[in-house]
Structure formats: C-alpha cells, structure tokens
Amino acid sequence: MSALEIRNIHKRYGEVETLKGIDIALESGEFLVLLGSSGCGKSTLLNIIAGLAEPSGGDILIGERSVLGVHPKDRDIAMVFQSYALYPNLSVARNIGFGLEMRRVPPTERDKAVRDTARLLQIETLLDRKPSQLSGGQRQRVAIGRALVRNPQVFLFDEPLSNLDAKLRMEMRTELKRLHQMLKTTVVYVTHDQIEAMTLATRIAVMRDGRIEQLATPEEVYDRPATLYVAGFVGSPPMNILDAEVNASGLKLDGCEEVLPLPAAFNGAASAGRRVKVGIRPEALRLAAGSGGPRLAANIEVVELTGPELVTTATVGSQRITACLPPRTALRSGSAHAFTFDETALHLFDPESGRSLRTE
Amino acid sequence: MLKSTRNALIGATLIGAGFTGHAQAETTLNALFMAQAAYSEADVRAMTDAFAKANPDIKVNLEFVPYEGLHDKTVLAQGSGGGYDVVLFDVIWPAEYAANNVLLDVTDRVTDEMNKGVLPGAWTTVEYDGKRYGMPWILDTKYLFYNKEILEKAGIKEPPKTWEELAEQAKAIKDKGLLESPIAWSWSQAEAAICDYATLVSAYGGKFLDGGKPAFTTGGGLDALNYMVTSYTSGLTNPNSKEFLEEDVRKVFQNGEAAFALNWTYMYNLANDPKESKVAGKVGVVPAPGAAGKSEVSAVNGSMGLGITATSKHPEEAWKYIVHMTSQETQNAYAKLSLPIWASSYEDPEVTKGQEELIAAAKRGLAAMYPRPTTPKYQELSTALQQAIQEALLGQASAEDALKSAAENSGL
Amino acid sequence: MTGTWISTRAWLLMLPLLVVMTAVIGWPLVDTVRLSFTDAKLVGSEGDFVGPANYIKVLTGSNFQRALVTTTWFAVISVAAEMVLGVLAALLLNQRFRGRTALRALMILPWALPTVVNATLWRLVYNPEYGALNAALTQLGLLDSYRSWLGEPGTALAALIVADCWKNFPLVALIALAALQAVPRDITAASLVDGAGPFNRFRFVIMPYLAGPLLVALVLRTIEAFKVFDIIWVMTRGGPANSTRTLSILVYQEAFSFQRAGSGASLALIVTLLVTILAVAYAALLRKAAGAS
Amino acid sequence: MERQSPLFSVFIHASALLLAVVILAPVAWLLIMSISPAADLSAKPLAWWPSDIDLSRYRTLLSAVENSAGAAFIASLLNSLKVAGMATLAAVIVAVPAAWAVSRTPAVAWSLYAVIATYMLPPVALAVPLYMGLAYFGLLNSVFGLALVYLTILAPFTTWLLKSGFDSIPREIESAAMIDGARLDQILRILTLPLAAPVMATSALFAFLLAWDEFFYALLFTSDLRAKTLTVAIADLAGGRVSDYGLIATAGVLAALPPVLIGLIMQRALISGLTSGGVKG
C-alpha cells in the first residue's frame, strides 16, 4: 500500500512555474529525501503535501485518499520546520501536546503521551521550560517531539537540521535515523545537504527547477547519477566532469592526448565522433603505481590535507580535476603524476541534455 | 396637519398619564450660553439654580462657549436634532435664524405685562419681520469708560463728548507722557471689531445697508473707519487693540494702562472691584461720544436674547426657563453686570444704587442704540467687514478700498 | 500562497476594516463630489445642480488664491525648519554628553502635548500685553516696546510657524536619531580611516541612512502642514486681516460659518486634489530614492 | 571611538543645554502659569516666578459640583476618555484581523494601501456629508458618533503597525499550529495575539493619543457636555473670553498630562513604533 502518492503536481505563481509535474509514490515506512539547492521547488512541494499551499494542478493522496482541499489538520501528517516553529509563549510540554490538545485528547492521556515522547527524545527534564530557555539542539528535539507525539501517517521535515552547528547536526542526524528505524513511519524530508540525504534516505528525489532529476536509492544516485546535475550535486568534493569525444579507440579528452577506455555500460550510446561529458568521482582516482589499467597524466597544483584524506587539484591537459587520495600519500605541488581508476567508475553524459548515456 | 398634531398630543397625554402614577417625570433642558461676558458663568449658574429650586422637575444642563462659537454651535446643533432647547443669540442673528428655521416663533407666548414692561428698544433684539424669536436678556451697548485719575493728571475736566474731543484728550495724555497709547478697543478680527465700528458708524450717521445693498463705503461708514485708522496710526490707540477682544480691553483698562476704553456694561462693576482691578474707584463711564454736528452720543445694539430652538422637545419648559431668566426679579438681582430689560428697574434704588453713573450713561446710551444690519447673510457681511477693518488698520489698503472690497465680498 | 481558501479568508478578515472605511470615508467623499456641483446649504436646503459654477467661483476668487499662498508658505517654511532643526538635534543627541538620556526622553514632550494645548500655550506666550515673549524680550533688552505678535500680518504667520515647529521638530529629531543609530559603527570607522572630514562623512556616510526615514517624515509632515487647522483655529482664527487664513480654515468658514455646503465641498475637493498631487509627487520621489539606494 | 577636543565638547554641551531650554521652557511656563496668582500673570514687568503658589484652579477644574465650570471640564475629560477609548478598542478590533490577513496573504495588501491613503484626505473634504450623515442617524453630539469617525482615522494606522508586528512573527508557527489542528481563532487566541501583545499595546496607545489629540471633527460634531471633548473645551477656554490665563494654562496642563505621561513612560516603544513606520514607509 502506498502511504503517499504525488501525482503530476504543478504549481504556478502567475507566470512562474515552480513545480512542473512531480510524480512520486511512497511505500509505507519509506524515508524520502527531497534534495536540491534553494529555489528548486522542494519546500513548495512539501508545503503542498502539508496543505499549506494548494497545487495549481495534480493530486496528492495520503493513505490512498485524495487530500486536495483537505485542511492540513485533517491530512494525518506532522511537520517539523526549519525554524522549529515552536510556540514561544507555551511551555515545552504544551508545545509537544498542542496537537493533542487541539484534538481534545483528555489531559491525562495527553500528559502520558507527552511524557513518553519526551522520554524517547531525552528531554523529560525540560518540559516546564519555555522555548527561549532551550539550546538549539533541545529546540530541535522539542520540534520533533511535537511531530512524533501525534503518531501521524506521514512526517514532513523541512530542512530540520540546517540551523544546528556541524557537530549537533551529525548527532541529530543519527538520532533521526534511529527514530525512523524504530518507528518505521513514512517520512518526507527536505534538505539541500547531500550528506543528510545519503545517510537518511531510503530514496532520494533530486530536484531541480521544479522537476525531479532522479528518484532512486542513495546508492543508485551516487553510483549511477541520471544527469550531470545529480552527478555534480551528490558527492563531496563533486564529481569531475571532463569534456571528451568518442573515437574509435575510446574517449579522447579535450586539451590533451589522453584516451580513456569506453566503459561497457555506455557502449550502445556512444558512436564515434560524438561529444560527451565524462564524469569521474574524485574518490575513484588513485595514484597509478604500475602500468595496469587506464592512466591519466596530471600536473599537481594544490594539495590539501583534510585529515581523513588528501584532496589534490591537478590539471589534465587543459582541464582541471580533483582527486581524493589516502592521507599519507606523498605528493608535492608542481610534480607530475598519473592517476588510475576502475573503468566502471566512469560516467558519460550527453552535453546538451545532461542525461546519462548509460544503456543498461 | 392639525389633526395629526392633535392625535400626537392625545397620545402623548395618554403616555404621560401612564407615567404619572410613578415618579414625576423629569425633564432635562440643554441651554447654550456664552462664556464670560455680561453675566459671568457663575451668575448664569446661580440664576439657573434658583430656577431649579423652584422647578424640581426640570433639570437644566448649561453649556458655555466663547462668543465666537455661539453661532456655529447653535446652527450645527440643529443637525443633531435636539442639541439645545434654549440658546442665547446675538441681536444680529434673528434674521438668519428665522430664515433657516432655527428658533421658534414665540410672539404669542409674550404676555401683555411683558409687552408693556420691557423697554421698547430691547424688543428689537429679538425681532425679525414683525415676529419675536425669544426674550431679550442682556440689554447692552458699548460705553466709553475713562480713568478719572489719569484725566485729572492731564488736567482734563470733562470726559469727551465727541470722538474728535476724545482724540484731543488722548493726545494730551500721550504728550504729557502719562500713557504711551491711551485708548483701548477690541479690534481683533472678530465680531467685537464690528461693534466698535458700528458705534462709530452711528455717531457719524452712516448706514450699513440701503435697500439691502451695502451702503457703508461712503459717508458715515467711511468716516467711521477713517477715524479708527487715524486713531491707530497716530499712536493714540493701543496698537495691540487689533488683537484684543473685550476681555483684553478690560484687562488693560483695569491695569491702569488705558485712559479710555470702549466696552460693554459689564466692565463697569468689574473694573470697580478692588479684588480684580487696580483702578477701582477711578472708573468713569459716559455714553460713547457723538460726532460734531451729527450726533450727541453713539451706541451699538449689543443686546442678546434667549430663544427656544425649533428642535426642542420641551418648548413649554424651555419657555418657563426663559421667563425666569428674563424676569424683572432675576434681572434686578444681577443688575450690577447687565442692566435690566425692564423700564421700571431704572427707577428702582436697589438697582441704581452704587452705579448711578452707569445708569445715567445707560439712559442716554440705550436710547441711542444703533442696530447692526439685519440680513440672513450677516455672517458673510461681518466677516468681510472685519477683514476690511483689519486691512485698513494695518495699512494694507485705504479705508475706502477696504470697504469697497468688503461690499463686494459681503454676498449682498 | 494564492490558494483560493486562503485569499477568501483574507478578504473576509479585511471586511470589517473595509466596510467601516467605505461607510465613513468612501461614501462621504463621493457625496462631497455630488455636493460640490450643487448650491446646497448646510441646514435646510438640499440644493440644485449648478454644474461647475462652484469650482469656477472658487478658483477665480481671491480668497482661495490667497489662502493657497498662505498655506504653501506655512507648509514649506515650517516643514523645512522642522527638517533642519530635527536633523541638527538628532546629530547633537547622537553625541556623547552628560544628560543625553534625559534629553532624549524630553524630546517626546512637545510631541505628546496635544495640538490644541500647544496652540493655547503659544497663544498665551504671544499675548501682546501679558505674554511671556514680550516680557522676556524687553527684559533682555531685545525689544523696546511690546509687540502684537499675532496681530501683525508680518509676524502672525511666523509666530504660528514657530509654534508648529516647536511641537514637530522633536519628532523629526527622534526619527533621524533612530536612523543615525542604525549607521553601522564599522562604516563610520572606515570613513575615519579613509580620512573623511565631518562634512563628507555626513554627506556620504550618514546621509544615505538618513535619507529614507527623513523623506518619509517629510512627506507626512508636508501633508499634515497642508491640512493645518487646529493650531490656526486656536491661535488666530485666520486673522489678522486674513493673513493666516489657510485652506482648511477657509473651507470651514465657507461650509460651516456661511453654511454654503456646495461651494464649501468644491473648495474642499480642490484642497484634496492639491494634497493628492503633492503626495503622488512625493511617492515618485520616494520610489526614486528607494531605487537609488 | 572618536576623540573629542575640549572645545568640541564645550560646544556639544552648550548646544545640549540650549536644546533642553528650548524644549522645556514653554512647558515649564505653562506649569508656572497654572499655579501663579492671577495678578502675577498680568503684572508688568511680568513675574516669572509665582509670588505664592495658587492651586485653586486645579481645585476649580477638578471639582464635580453640579453645573460648575469644574463639572463641565470633568465632563469633557470623561468624553475624551470615552471617545478615545471606544475608538481605540474598535480600531484594534477591526485592525487585528485585517493586519493579520495582509501580513499572511500579501495578495490583499493593496486594499490596505488604499485604506492608508485616506490619511491624505483633509478632514474638511469629508466633513459636510459626514455631518449630514451623522445628523441623519442621530449621532451628532454623541460620543458614539465621534468614536465612529475617529475609528476611521485610527484603524488604518493601527492596521499598519500591527501588520509589521505580525510580519515579525514567523508564519511557520501558525503553519505548525494549523497542522496541529488548531482553528484560526485558536491560532490567533493562543499563539499569535499573545505574541503580538506588545505591538498591540503600542498601537493601541498610539491610537489613543491620536484620538485624544483630535480637534477638527470634535469641534464640528459635538456641541455640549454630552459629547464635547477636552480639546474643544480648551479651545473654548482659549477663545479669548476667559480673563484668567492661569485657568487656561491649568486646563492645558490637565489635558496634556495623560499623553505626556504615556509618552514618557512608553518612550522606547513609541519611538520604535514611530520609526518603524518611518523607516518602512
């Protein structure tokens, strides 16, 4: 049974179309991340699911029931906002219990539910405080608690971690993952942070300009990006994109003499003479030790040690690439080296449409 | 019409009968008076209290506005359908009020006794087109007050009989250095200035209107304004006069800073009150002077009347109140501030005692009272004339030109 | 969010305000337009249609032209003075000195004083015989003899302007002060490092922050000054010799003292039109200023 | 931050002193007049300091003996309170929903701008029909009629101030409450209005001061004790027929007291309200 179905959703503001036909079907218990940079329409889509905005066209089904025109409160959803949107003048306990209060749940029952939720989130000691007396992380927990206590069919998260510092963000991310594994509720989660997307999602919808570029599991999005945009958006540092042309012997990179082998997965799509974009992730590159495998001769320009890895920027002919190497690699700027990689790590894209040329 | 009125009356009687079983229905009257003039606010309140004592079933709310607000308030209250029951009105307004149906015609309510007892001149205050719109209440005109001490110091034996003489005497006082500017008038851009002007117009035998058309641009009207301008420019008149109202004139006179002042009756007893005044006991009063060869004395009719508004729901009670306020008894009791409208009061020693000098002046002045024009467009005429007077005084226009443009702007 | 139920709800919520405003402002305005083409009296006569006669009479009459000049003088001088004094006071209050907090608090005093009380107060101060101004000036030896401040056309309007300025410049000062305090310290510091003198600092560093708020204050004050009634009514009623008769006073006289509702209405509409033109011009200026900054 | 030369410092202090005198002197003189014996006020040369303190005028104006000048003054004081109070209350009542609607639904904002533009209209442009209309409904010389007219002066202004207040309350809070199942009235009652309480208080005070200050409509539409407000009463006193300047001054002091106290106490809030209006235009 699908918990949430989004059918051909359009949204127009006057001339501007911010959503151009979105289709997603979620199974119960899925954790869907809407990933994209700001302005891509992901928050609008979330608001439409929540009922805070009305779509210009299309349909939303929650639990197989169309919720178009249904008031947010009757959609059986809960939402956590980027700003937490805690009620500043109400205590933490009342914040968490507000939804139950509005639904006229008897006080004793409500109180129990609030305490259970607070225990789950380890904020029992804060129940009597006002939001202004809480730290950022605590506020975040209250906001999540407010959503949890209602036990809705679908949880909506709008960039819930973006206001936290890096360390807290990681903690809360893990916490969210733990909660999801425990509660197995359907979640729609909006973020622009690809790490959050990769770690939390069961499926990621990468959005751009009001469209879904790719809807797939995190592994697939990472390993088989459907478009140049997805390839560039997911992964840090981003995938290297090089201009090349297919010739009889393989992929001839622009601005140098290197010819790379054409991976089998792209065989059918690339005929000789075709211009392509070649993508390869920085972490797929290794320093070539022996003579086996494909080689990329490069001049090292900058070497940065981040701790766990060594990030180097180098030029291959007239093009620039980044590589992530093991931290203890001996590398000096100005030196010449050769990189090697597995043939399967290459991705080919059509330069015009940006679509992947993968044929299998 | 008659029939429906009668039905209404019957209905009212029935309803009234229904109520008489309970407490006596109390009527509340609203009355509009002027703040501070002949009768002070306290006096009016005291008179009203006496009425309330005699008529416990009638309550009177009093309202006091400055003279400048009296006309507009009365007219504007018309719109509210029952602002006031009793209003004080100036001698100049009956024409307009009659034209716009502001006041009730009370001709038939006036008794024979009233008809005979009240001074004939006083009646003109409330009459327009042969009908009476109220009872005269304040019988007033402007007198020439003088400071006996200053005149004595200047070697002047007799107060002036003509306006020219006034100028000469003032010059003598000024030349002796007794006062910088001996005469005080109320020439502010307000009705007060018109009263002073009208006094002079009467002295010079001028006319405001002739056959409904302005006639003040020549003859006496022009002479009057010329006199004012000369007096002002020669420095005999206190230059601040052009900003004065009557109370300012009184203050200046009481402070001993004016040898002569033109003002209403009320100033006599106030200026003679040692608590108020520095010149108590030195106040002389004569009728306003005449003009050589034209008049003996001059006077403006500055009387005011009390009337019932057309919108009053209690005309009977209102009339009762007016009768009380204008009764000889009430008027005699407060005769120190405003002389009674009743002829016989002037022979009553109770009234004349202590103000013989004023009574003597009044007998001559009241008889010579000159009316300001009776026209429904009085407000516009007056406004235009006020401007003309001020322009002439300030030298912005010659007296003749100023009056001519006033005639054009008067709406007549 | 232009969802239908949201905007329907918004209109419903606006409804009480819109109904009240339409009934008490909109309808009378329309009716004033109707009246202006009639010879209606305030009380008694409904009046007949007279076409544009009222407008022609008003526009060609000397009363209107004179009142327009008077009003313009009053508005231009008092508003200009308020702006200059206000900015000077704000610059002063932005400096450090002992008692600064108290002085800032005092600035609210003239603003809080009701307009009528302010007018009354100054009328007493200007009194030709017993006023404080005459007394002070003569006792200081600045004046030989008492003067009739409100009785001379030359001084009456000036006296009114002083009274109006005294009440209103503190407001401009407070607005300007708030704007000054919004100037980032970094920027003034940077300008000092760059060696800008006091004048250039004011012109290029401070003025951009002041311009917006001051322009708004200027607009509001000009419109108010153009509508001025209270202070003049209480202090001079338009005298002496009508030298302080502003448009509002003239309309009052026409419509209420003389009870000519028709021509009063046409006069009032002409005043409205003038204020509107003024406001539209200012609005254009504001937009330009907003675009520039 | 800036170093001040001694000369500059002297200049600043002197200017500050001058400014203080300019601001204070007229107000101080009003107070002095109100407690000076009448003779002192018409003395030449003028006595700057009362020969002895005379508080009788305050007693006169504040005594409620029937049909006395005090009763009239107190009646006008009460009328002012009633009119300003009612108009303010009504203005807040219509302004809250309107301001909220505009803040949350910008599509309707143009109607608020139209409403605010009425501020430009000179009152004289509306006075005649308003006068006739009020007369028709029997609302002339009535505190209710005057309050109704004032409502239209206060409401646009209050709506504007409240709107900027609502703008600063994150709408996510309301969205969250909506998802939590709160009805609009619950959202406003439990969340938005308590959060907007300070802004509402400021706007209400502003509105009250505005109504307290109004003169023109009061002059036209009220005529006697039943509705005449304080400003009209004082203008009557100042009209030139009251010879005791001290009494006029006393009435002025009493009328100025409430707004001045509000002004001094609420200074910070008022200034921020004034400037927010000013800065945002």
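Here the chain labels run A, B, C and D in written order, and each chain numbers its own residues starting at 1.
Going forward, contacts are C-beta pairs under 8 Å (C-beta built on N, C-alpha and C of every residue); 3 or more make two chains touch, one makes a residue touch a chain.
Bear in mind the structure is a predicted one, so any value in this text is a computation, not a measurement.
Chain pair with the most C-beta contact pairs: C-D. Closest to the middle of the protein, by Cα centroid, lies chain D. Centroid distances from chain C, each centroid being the mean of CA atoms, peak for A. The distance from the centre of chain A to the centre of chain D, with each centre set as the mean of the Cα atoms, comes to 56 Å. Per-chain CA centroids place chain C at a distance of 16 Å from chain D. Spacing of chain A relative to chain C, judged by their CA centroids, is 58 angstrom.
With centres taken as mean Cα positions, chain B sits 92 Å from chain A.
In chain A, the positions touching at least two other chains are 52.
For chain B, residues touching at least two other chains, in rising order: 68, 76, 79, 188, 190, 248, 251, 255, 257. Touching two or more other chains at once are residues 42, 44, 131-132, 220, 237 of chain D. Residues of chain D touching chain B in their complex: 42, 44, 67-69, 72, 131-132, 134-135, 138, 140-142, 220, 223-225, 228, 236-237, 239-243. Considering their complex, residues 68, 71-72, 75-76, 78-79, 100-102, 180, 188-190, 239-240, 242-244, 248, 251-252, 255, 257, 379-380, 383, 386-387, 390-391, 393-394, 396, 409, 411 of chain B touch chain C. Considering their complex, residues 1-2, 4, 9, 12-13, 15-16, 19-20, 22-24, 26-27, 29-30, 33, 41-46, 48, 93-95, 97-98, 100-102, 104-105, 107-108, 111-112, 115, 117-133, 148-149, 151-152, 155-156, 159, 184, 209, 212-213, 215-216, 219-220, 230-231, 234-235, 237-238, 245, 248-249, 251-252, 255-256, 259-260, 262-264, 267, 270-272, 274-275, 277-279, 281 of chain D touch chain C. On the side of chain C, the complex with chain B involves touching residues 41-44, 63, 128-130, 145-146, 148, 150-153, 236-242, 253, 256-259.
Residue ranges on chain D touching chain A, taken from their complex, read 170, 172-173, 175-183, 186, 190-191, 194-195.
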